[in-house]
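Encoded as structure tokens, here's the structure I'll be asking about.
For reference, chains read A, B, C, D and E in written order, and residue numbers begin at 1 within each chain.
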């Protein structure tokens, strides 16, 4: 298995180098996507299956789809390795030297820190009983350090608003529906199992790898599949229910944190007998908001509607 | 009771932003209420801080190595105060400024309370990773605000801003990872004791964190994203960006340098930062002098003025500490006034090329007054807040025997006088009738007087420095 | 070593062999459509054998069903993917750099 | 014994992943590269199934499911893009 | 510790390649990819750091990575929207 690790690390480095130096933009993007896959595998090897799930779904999957979609809309030939400026040769050499030096120091530092205290982590594992969920990562995300997760939902909302501001007017009829019916019918067929597995991942987050982010990403993937096959499309009309669902996770999270202060004395603390149902409720509402946000980051439109056949 | 204040400071504006998003149309009055409430909460918090120990809120009640804490000490209280005052002014200013554009207005009134919440969260945070999240919140709230001036015009600036901001925060995060690896905790209060000495990763982590923050704060080699972003955003947004958003990064540097990074950094690193600051002062001022657009003059002035705050690091005595923080306050208020005044001029002229300024002294007398008064503080003339700050820095440089910073301070002041007077001179020149262009409406009293009020406040800061410096207190961990 | 594990090992070995064939095909075949053909070998058959072997080793019905689901989904996904890629290649016949305008 | 088989199979698959990268790099057409992504995806799914048994982490089968879904999405995303914006 | 963890090398290499790419690449999409490389390197490093606890991996860095991934991806999606807009500014639609 050490050999496997070594090979994985080697491939990671190769792909990273390729991603930076590839001649065409598409090559760089493809190298990046495959890098994401390998990264997820490495994280499996490093005892982080939750994160492998997240990386596969969000980091390599959704981001890969977005990258490829962006590539398609760039003018032909953009992003080729540019003609160098006169001083670029030496500048590149200096940058390369600096980065090699940094890599050596970083590797040494990481090597040096392979043993050390982890007070916070130990405390997290010790207090897991009280957190309301069995999965340590979920406990940290939703309970011990819930504040970070809440602010992260703010980040998601603000990038979504920013993306929507960049929208161009929609042109009706510009939808390039797939020329063959196969993807559409298979997407219809496979929507229920994908939705189910997404919901299962959210639910499973309480006791096994999974959680709001992974499940939300799978749900978003289902939505992206519908959008890509033309079953669902963006619309210019943004409606109230959709906006409510987008802020549902953050709002519920904040409100439960604030409203329970009289019971617990601390913001974002949960009373013992309510903690498990609250965690599940918050996890599902977060997953809904995350799924919709990621999907709309993909479509770039303020609304969604079904395509009339 | 006071423990609830930090929590409320973050979540009142946060929930207001969410509510505004759900509402789906602009509701400026809600924001006036929120910024007013925010100011009241900050005043309550400051009075609690000035009378005793820092106010601490333990989120989730999980105790020390694990939970995230919010903490308000003197430094945080001062920055919160600055934010709250500017929030009131900018919120008022934005009512008329965004009145005619319903959809951008909705976005502004959604993003602005969220950004306010993010800034409050950043100033209150006592956790290294939480600081990373708040840093991201602040920039990702700021960039869409830049886009409000029209996506086609600002997309380049926003993209460059985003790329640098993302890189900066990831470099910072790399440092945080190394710190966690050594200390096993992210709590700023526990870190100094928990960090082992004599490791390789310690200084490396410090270097990464400082570099990341410098990128976010647009300090000299990384300043190239700032002028375009600040120069093209709507005036109200430019004021927020220059006065608060970049300052948040410098604030973080001050906080970390005197806190967890203190055992890791050497005096040489301080000198290096000071040199960067000095170069930023001279280069930024010189660039400001050479610009041909008013808002770019003001934006480059920000590049320069941020440099003064870096002069704390080589000296590291209480006078320098007070000077740097006070400079942050004075510059924040004066720069917001400058940007709002420049926004008024842009509103009237429809453009901000310097040649077009001729003859605007009559219709825009109040805004020009604001520009001039704020300029006094930027130049550092008495009795302004800028003067107090520079005086403190000056005495620190004499106290530590590092006289060379004195020359930088004086040269920076002279250059600032140069670019401020260049603008004012043009504005008071007679317009030749031939060039009289088409003018927009004269900005209303709300727009003109918020700018002037801020400028007057910037002047008054020189007179009311005693209670504020009292609130700030001594340099943490300092001996002198 | 039990009979199950021998069979499972054999199945896994066969599956890996199909993967090998698929990869070599992807590398050696001259044009995109024959490469697609090679790819489906790995996708459908290789993963299939591998899945059956792993399901035998898992020793639980729930996991076996889940593994079967993975394989079924992979079959469909691969056929959709290859279908659209083949059509794309037919339509565009484009060569590398530059996205379609 | 069975551990050895699994280990060898994992190693072979990762080597094949590496070999497949040649197609990622060499192209020549855009579709070839996407094809290489597909193959990497399928190989990764196989690897995950093997690792799920080898490391006794049944959760990895879920990860494999997610991989399958997103590998197909990548192909769709490449061919159709988000066409309806323009 | 006997030898170098290969993943430590990979994490350092990813960060360094990313920084190099950010320095030398001109196209914003390439810079965005380079930034994501740095991010992936940092996440890998965090996961390595999480392995030091004797009883199971440390959940705190894992939570940090999950938060970091979501932030990085949403910011990258926003960046991609900016790049698309920059590439075709003439389509109007100033809203």
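Simple rule for what comes next: a contact is a pair of C-beta atoms (placed from the backbone, for glycine too) under 8 Å apart; a residue touches a chain by one contact, two chains touch by 3 or more.
Predicted, not measured: the structure shown is a model, and the values here were computed from it.
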Given chain A and chain C, the chains that contact each of them: D
Chain whose average C-alpha position is farthest from chain D's own: B
Chain-chain pair with the highest tally of contacting C-beta pairs: A-E
Per Cα centroids, the chain farthest from chain A: B
Centroid distance [mean C-alpha coordinates] between chain E and chain A, Å: 12
Averaged-CA centre spacing for the pair chain C and chain B, given as whole angstrom: 55
Rounded Å distance, chain B centre to chain E centre (Cα mean): 27
Chain B and chain D, separation of their C-alpha mean positions in angstrom: 47
Contacts with two or more other chains, residues of chain B listed in rising order: 66, 129, 133, 136, 140, 143, 151, 155, 174, 178, 180-181, 186
Contacts with two or more other chains, residues of chain D listed in rising order: 27, 30, 33-34, 36, 62, 65, 69, 72, 74, 76, 78-80, 86
Residues within chain A bordering two or more other chains: 8, 10, 25-27, 62, 66, 71-75, 106, 110, 113, 116, 118, 120-122, 124, 144-145, 148, 152, 155, 159, 162, 165-168, 178, 183, 298, 300
Touching residues on chain A, where the partner in the complex is chain D: 1, 3-4, 7-8, 10-11, 14-15, 18, 22, 26-27, 30-31, 33-34, 37-38, 40-41, 44-45, 49, 52-53, 56-57, 60-62, 64-66, 68-69, 72-73, 167-168, 170-171, 174-176, 178, 183, 194, 197, 200-201, 204, 208-210, 214, 218, 221-222, 224-225, 227-230, 233-234, 298-301
Contact footprint of chain A on chain C as seen in their complex: 69, 73, 76, 79-80, 83-84, 87, 91, 96-101
Partner chain B, residues of chain E touching it in the complex: 15, 22, 28, 31-32, 35, 38-39, 41-42, 45-46, 49, 52, 60-61, 64, 67-68, 71-72, 74-76, 78-79, 82-83, 85-86, 89, 92, 94-95
Chain E-facing residues of chain A, complex: 5-6, 8-10, 12-13, 16-17, 19-20, 25, 28-29, 32, 35-36, 39, 42-43, 46-48, 50-51, 54-55, 58-59, 62-63, 66-67, 70-71, 73-75, 78-79, 82, 88, 91-92, 95-96, 98-100, 102-104, 106-107, 110-111, 113-116, 118, 120-122, 124-125, 136-137, 139-141, 144-145, 148-149, 152, 155-156, 159-160, 162-163, 165-169, 211, 213, 290, 293-294, 297-298, 300
Chain C residues touching chain D - in the complex, by the definition given at the top: 1, 5, 8-9, 12-13, 15-16, 19-20, 22-24, 26-27, 32, 35-36, 39, 42-43, 46-47, 50-51, 54, 57-58, 60, 63, 66-67, 69-70, 73-74, 76-78, 80-82, 84-85, 87-89, 92, 94-96, 99
